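Every chain is named by a letter (A, B, C, D, E and F) in the order it is written, and numbering of its residues begins at 1.
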C-alpha cells in the first residue's frame, strides 16, 4: 500500500503555488503540512485528492489488492475546510448518505453511524438537522464521515479547527488508531496534532509565475 | 461606557442553552467565553449582539455621548463563525462596503482599508476576489472589517480559527490595542488569546427545558 | 445605504445575473414562444403582451428568492441587522438594487421583444409602460417571500405559495392594461391605475413585512 | 447511487420546494394566457398544447442552474467527484432526482392545465405523453449548464442562456407531436419518435458533457 | 519542414504569424477587390431582381458563421484532449469573429427578407437556429470574460462549444428538415451545384475573400491574445519580485 | 423602397461590421505590442526569452 506523489506542481490563477513536490507514504505513515496562511497547504491537499488539476506531476496509488487502474483519489477520504454535509438534513441522514454513497474500500470496514457519532463524542444528537449544530459539533460530525466508510488514506485540511480541547485529543486518538490499522494520513494544520513519527513538509507559497509558457 | 447584560437566558429549539447570565463590561475590559463544543458560547454572543431574541433578560448600552434609545447592537462589531464577505467581490470592495455601510460610531475613527489590510498582515492582496483567498487569509480579512469602522464593543466568535501562529499574535496585539483605546471585547475561544486581566466565563450548555412555561 | 445599493448592483452584475444576462434570458424565452405557437404573425401579436409579461415575471422571479439567502449564508445579514439604519429602509434599498439590476433591463429590452412578437407601436409602448410600473411590485412581493424563506430553515416551499398568489394580480392588471391600450372598448387607465396602486401598496408593505420577518428570523 | 437519488429527492422536497414551486409557476403561466387571448375558447384550445409546453419548459428551468452549486458550496461536490462511480452515472442519477422532483409533478399537473386551456381529451393525453418523454431532455440539457456554472466563480444564469438554445428542438418536436395527435393529416409518430430520440441523445450527451465540465472545473 | 508541434509553440507561432499576416492581408484585399467588382458587374436574377447581389455577402457570411464555430470546436478538442495552450487561445480569439460574421448574416438576411418575403424576420427553423448561434457566441464571449483563470475558462468554454456544436447540423439541414421560407442549399449539396455560373463565380470569390478575412483576423487575434497573456504574466512576475524585495528589506 | 436601398444597406452593414472588427483587432494588437515594449523597456523580460545580446538564457 503506497501513495506516491511525483514532481507535483499546481497553479492558482497564473501563479505557481508550489513546484516539484514529491513524497511517498506507506501504510502507517503520516505527513503533516505546515506553513503560513496562504502558503498552499490546501492547494496541495486538493491536488493530491484529485480535485485540482495539477500543472505537472502525478499522484499514484499502489496496493496489493487494488486493480491497476485505480485513481489515487478513490483510496482517499478528503476532509476540507467545508464540511460536505447538508444543513437541511439530520446528522443521521447525512452520515447514512455518505456511508452508502462512498462505500467501503477493499480491505476495510467502516463503523456504523451510531458508532461513528459515538467515537467523536456526540452520540446524543444525530436526530438534529446538521444546520442546528454548533461550529465544533459540525466539524466533529464531518470527521465522523471518515469513520462510516473505510478508506486507507485520509486527507485532512485543518481537522481540528473550531474544536474544543477534549475533542482535539479524541481526534488525535482516532487518527493514531487509523495509522495503527495501516492507514495513511496527510494533514494540513496550524496546531500540532501530537502524532509521533510524522514526517513534516513546510509549504512556502508562491513558486513562480507561468511566464515561460507564453 | 458600559455594556450590561442582565439575567439573559436563551433557547435553541426547546432547550434552554443558558439561564440568568449577567455581567457588566466597562471601557477597557474584556470577557472570554470558554466551554466545550455546543456549550452555548456562540448562542450567548448572538444574543448579546441582538441577533437572537433572548428568552428573558436584556442587554443595554450606556455611554456619555449616546442617545438614550441606542440599541446595544449598534455599538457592537460582530465577527461570527462566518466571515460576512462576498466571495465574488475583491477584498477591497468588501472592506470598502462595510466601511461605508457600517460607518463610525460616535467617539472613534476607523482605519483606511489599506491600513486595515496592512494591520492584519495582508496588504498585498486586496485586489483578489475574496473567494480566492485561503481559509486563514479570509479570516484575517474578516477581522480587518472590525478595523475599518469604529465600534466600542467587539464581539468575537473564535477569531483565531484557521490562523497560523504569527497571525494569532497579530490578532492578540490588535485586540489589546482596542482595549487600550477604551474598547470592550467579548470573545469566545478555544485557544487562549493571551489577554491579561480578562474575565472568564465558562459555559456549560443545556440549562434545562422550558418546562415551567407549560 | 448607497454603499449597499452599489454593492448589490455590483453583485448582480458580476454574479452572472444582472443586466445582460437577464435580458438575454428574457430574449431567449420570448424567442422560444413562436416555436410553440407556430409562425402565425397575427396570433403572435395578439398574445404578445401576455408573453412579454410572463417572460418578465419569470426573469424577475429567477434569483429573487435568494435575495437575503446569500447574505445569510455568508453572515452578512447578521451585520446588516445590527446597524442603526431602519431595517425597512435597508430592505427597500436592497429591493431597489435588485430591480435596477434585474427589472429595469427587462423594461428596456421589452420593445425589442415586442418587435419579435410582431406587436404594433401602441401595444409595445403600453407593455413597456406597464412593465415599468409593475415589475417593482414583483420585486417588493418577492422580498417578503425571500425574508420569510430566510426565517424558515426549510421554508422554500411555503414562500412560493405565499408569493406567487400575490404576484398574480400584478400580472393580471399589467396584462389587461396592455391589452386595453390596443383593444378599443376597454379603457387603459383603470387597470393601469390599479397597477400603480398595487405597486405603491407593495412598496410600503413589502419592505415593512420583510423587515418584520427578518427581525423575527434571528437564530 | 440510490442513496444519492434519495438524498437529492429529500432535499428538493425539504429545501427549495422544487415540486410545488414549479407547478405553481406553471399554473400561473397557463392562467395568464387566456387574458391575452381573450375568451375565445376555440383559439385557446388551439394554442393550448403550445402554452402548456412553454410553461413546462420555463418551470423546468427554474432552479436547474443550481443543481450542482449547492453541492459545491458545502463541499459535497468534492467528495462526489472523488468516488469511483463513473461521474457521468452520478450526474445521470442527479438528473433523475431532479426530474422526479421537478419534472414529474409538471407532467402530472398538465392534464389539469389542459382543461383550463379547453383542450380535448386526445390533445391532453398527447401533451401529457410528450411532456413525459420530453421534459427529461430539458433536465439533461440543463445539467450541462449547471455543471459549467459550477466552474464560474461568479456563476449562474449566464449558463441557462448558453443551454436554452439547445432546448428549442425539444420544444419544437414536443409541440408538433401534440398537434399532430389532434390535427388530422399530420401523423403523430414521426415527431414523437424524434422527441424520444432527442431525449435519448441528450440522456447520453448531457451527463457526459456535465461530467466533463465538472472534471475540468476543479479548483 | 516545420512540424505541427513546432507550430504549437507560442513563440514559434508568433514568428510565423508575423511573417504570414502581411501576405494574408494582401490576398484578402485583392480577393475582395475582384469579388466586389464581379458582383456589381454581373446582371440581376430574373426572379429576384437586383437583390441577388445581397447573396454575395449574405451567403459567405452565413458560411463563415458556421465555419468559425467548427474551427472553435476543433480547437476545443485540442484544449480538452491535448490541453494545448494555443488551442485555448484559438477558440477564445475566434468567438468575437464568429459573432461578427453571424451578425452580418443575420442583418443581410433580414435586409434580403424584406423585399423577398415581405418581412424582416420570421421564426422559422433556419433563422432561429442562426439566431441561437449568435446567442451562443455572445454567451461564450461573456463566459470568457466572467472567469479570470484563463486555463479554466478555456476548458469550460471548450465543453460548452462541443455541446453547442449540435446546433451546426441543425442550421445546415434545417431547410431540409422543416419546410421553410428560406432557400435550400444549392451550392454545397450532394449531386453538384444547381446555381447558374454567372452567380456562382462572384459568390465563390466572395466566399474565398471572406474566408481569407476570417483567417487573417483569427491569426491576428490569436497573436494579440498571446501578447495579452505574456504581458499579464510578466506584470505578475514583476509585482511578485517587487513584493519579495520589499519584504526582505523590511 | 427600392432594391438599391436594400443592397446598399446590406453592403453597408457588412462593411461596417467588418471594419469595426478589423479596427478592433488592429488596435488591440497595437495596444498589446505597446505594453510589451514598455515592459521590455522597464527591464522585465521573459526568463526563457533570449537576452538582448542574442545569447540564449
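FYI, a contact is a pair of C-beta atoms (placed from the backbone, for glycine too) under 8 Å apart; a residue touches a chain by one contact, two chains touch by 3 or more.
Please read these numbers as outputs of a predicted model, since none were measured by experiment.
Engineer: Just to be sure I understand the contacts, which chains border both subunit F and subunit A?
Structural biologist: Both-contact set = E.
Engineer: Rounded to a multiple of 5, how large is the rotation, in degrees, that superposes the C-alpha trace of subunit C on subunit D?
Structural biologist: About 175 degrees, rounded to the nearest 5.
Engineer: Please indicate which chain is farthest from subunit F, where distance is taken between mean Cα coordinates of the chains.
Structural biologist: Checked the centroid distances; the maximum from subunit F is B.
Engineer: Sort the chain pairs by how many C-beta pairs are in contact and tell me the top one.
Structural biologist: Chains joined by the most C-beta contact pairs: C-D.
Engineer: Centroid from C-alpha atoms only, then distance subunit B to subunit C, rounded to Å. What do you get?
Structural biologist: Computed from C-alpha means, the inter-chain centre distance equals 37 Å.
Engineer: Counting in whole Å, what is the centre-to-centre distance of subunit A and subunit B, each centre being its mean C-alpha position?
Structural biologist: Once rounded, the distance between the two centres reads 30 Å.
Engineer: For subunit C versus subunit F, what separation do you get between their C-alpha means, in angstrom?
Structural biologist: 42
Engineer: Could you check subunit D for residues that touch two or more other chains and list them?
Structural biologist: In subunit D, residues 14-15, 73, 152-154, 158, 161, 165, 168, 172, 216, 219 touch at least two other chains, as defined above.
Engineer: Give me the residue numbers in subunit F that touch at least two other chains, ranges are fine.
Structural biologist: Within subunit F, residues 46 contact more than one other chain.
Engineer: If I count partner chains per residue in subunit B, which residues reach a count of at least 2?
Structural biologist: 81, 87-88, 129, 132
Engineer: Which part of subunit C faces subunit B closely enough to touch in the complex?
Structural biologist: The contact residues of subunit C facing subunit B are 1-4, 6-7, 10-11, 14-15, 73-76, 78-84, 216, 218-219.
Engineer: Residue numbers of subunit B touching subunit C in their complex, please.
Structural biologist: Touching subunit C: residues 46, 49-53, 70-71, 73-74, 76, 78, 80-89, 93, 96-98, 100-102 of subunit B.
Engineer: Spell out the residues on subunit B that touch subunit A in their complex, using ranges where they run on.
Structural biologist: 12-13, 35-39, 41-42, 81, 125, 132-137, 139-140, 157-158, 161-167, 190-191
Engineer: Provide the residue numbers of subunit A that touch subunit E in the complex, in ascending order.
Structural biologist: Residues 11-15, 206, 208-211, 213-214.
Engineer: Using the touch definition from the top, list the residues of subunit D that touch subunit E in their complex.
Structural biologist: 144, 147-148, 151-154, 158, 161-163, 165-166, 168-169, 172, 205, 209, 212-213, 216-217, 219
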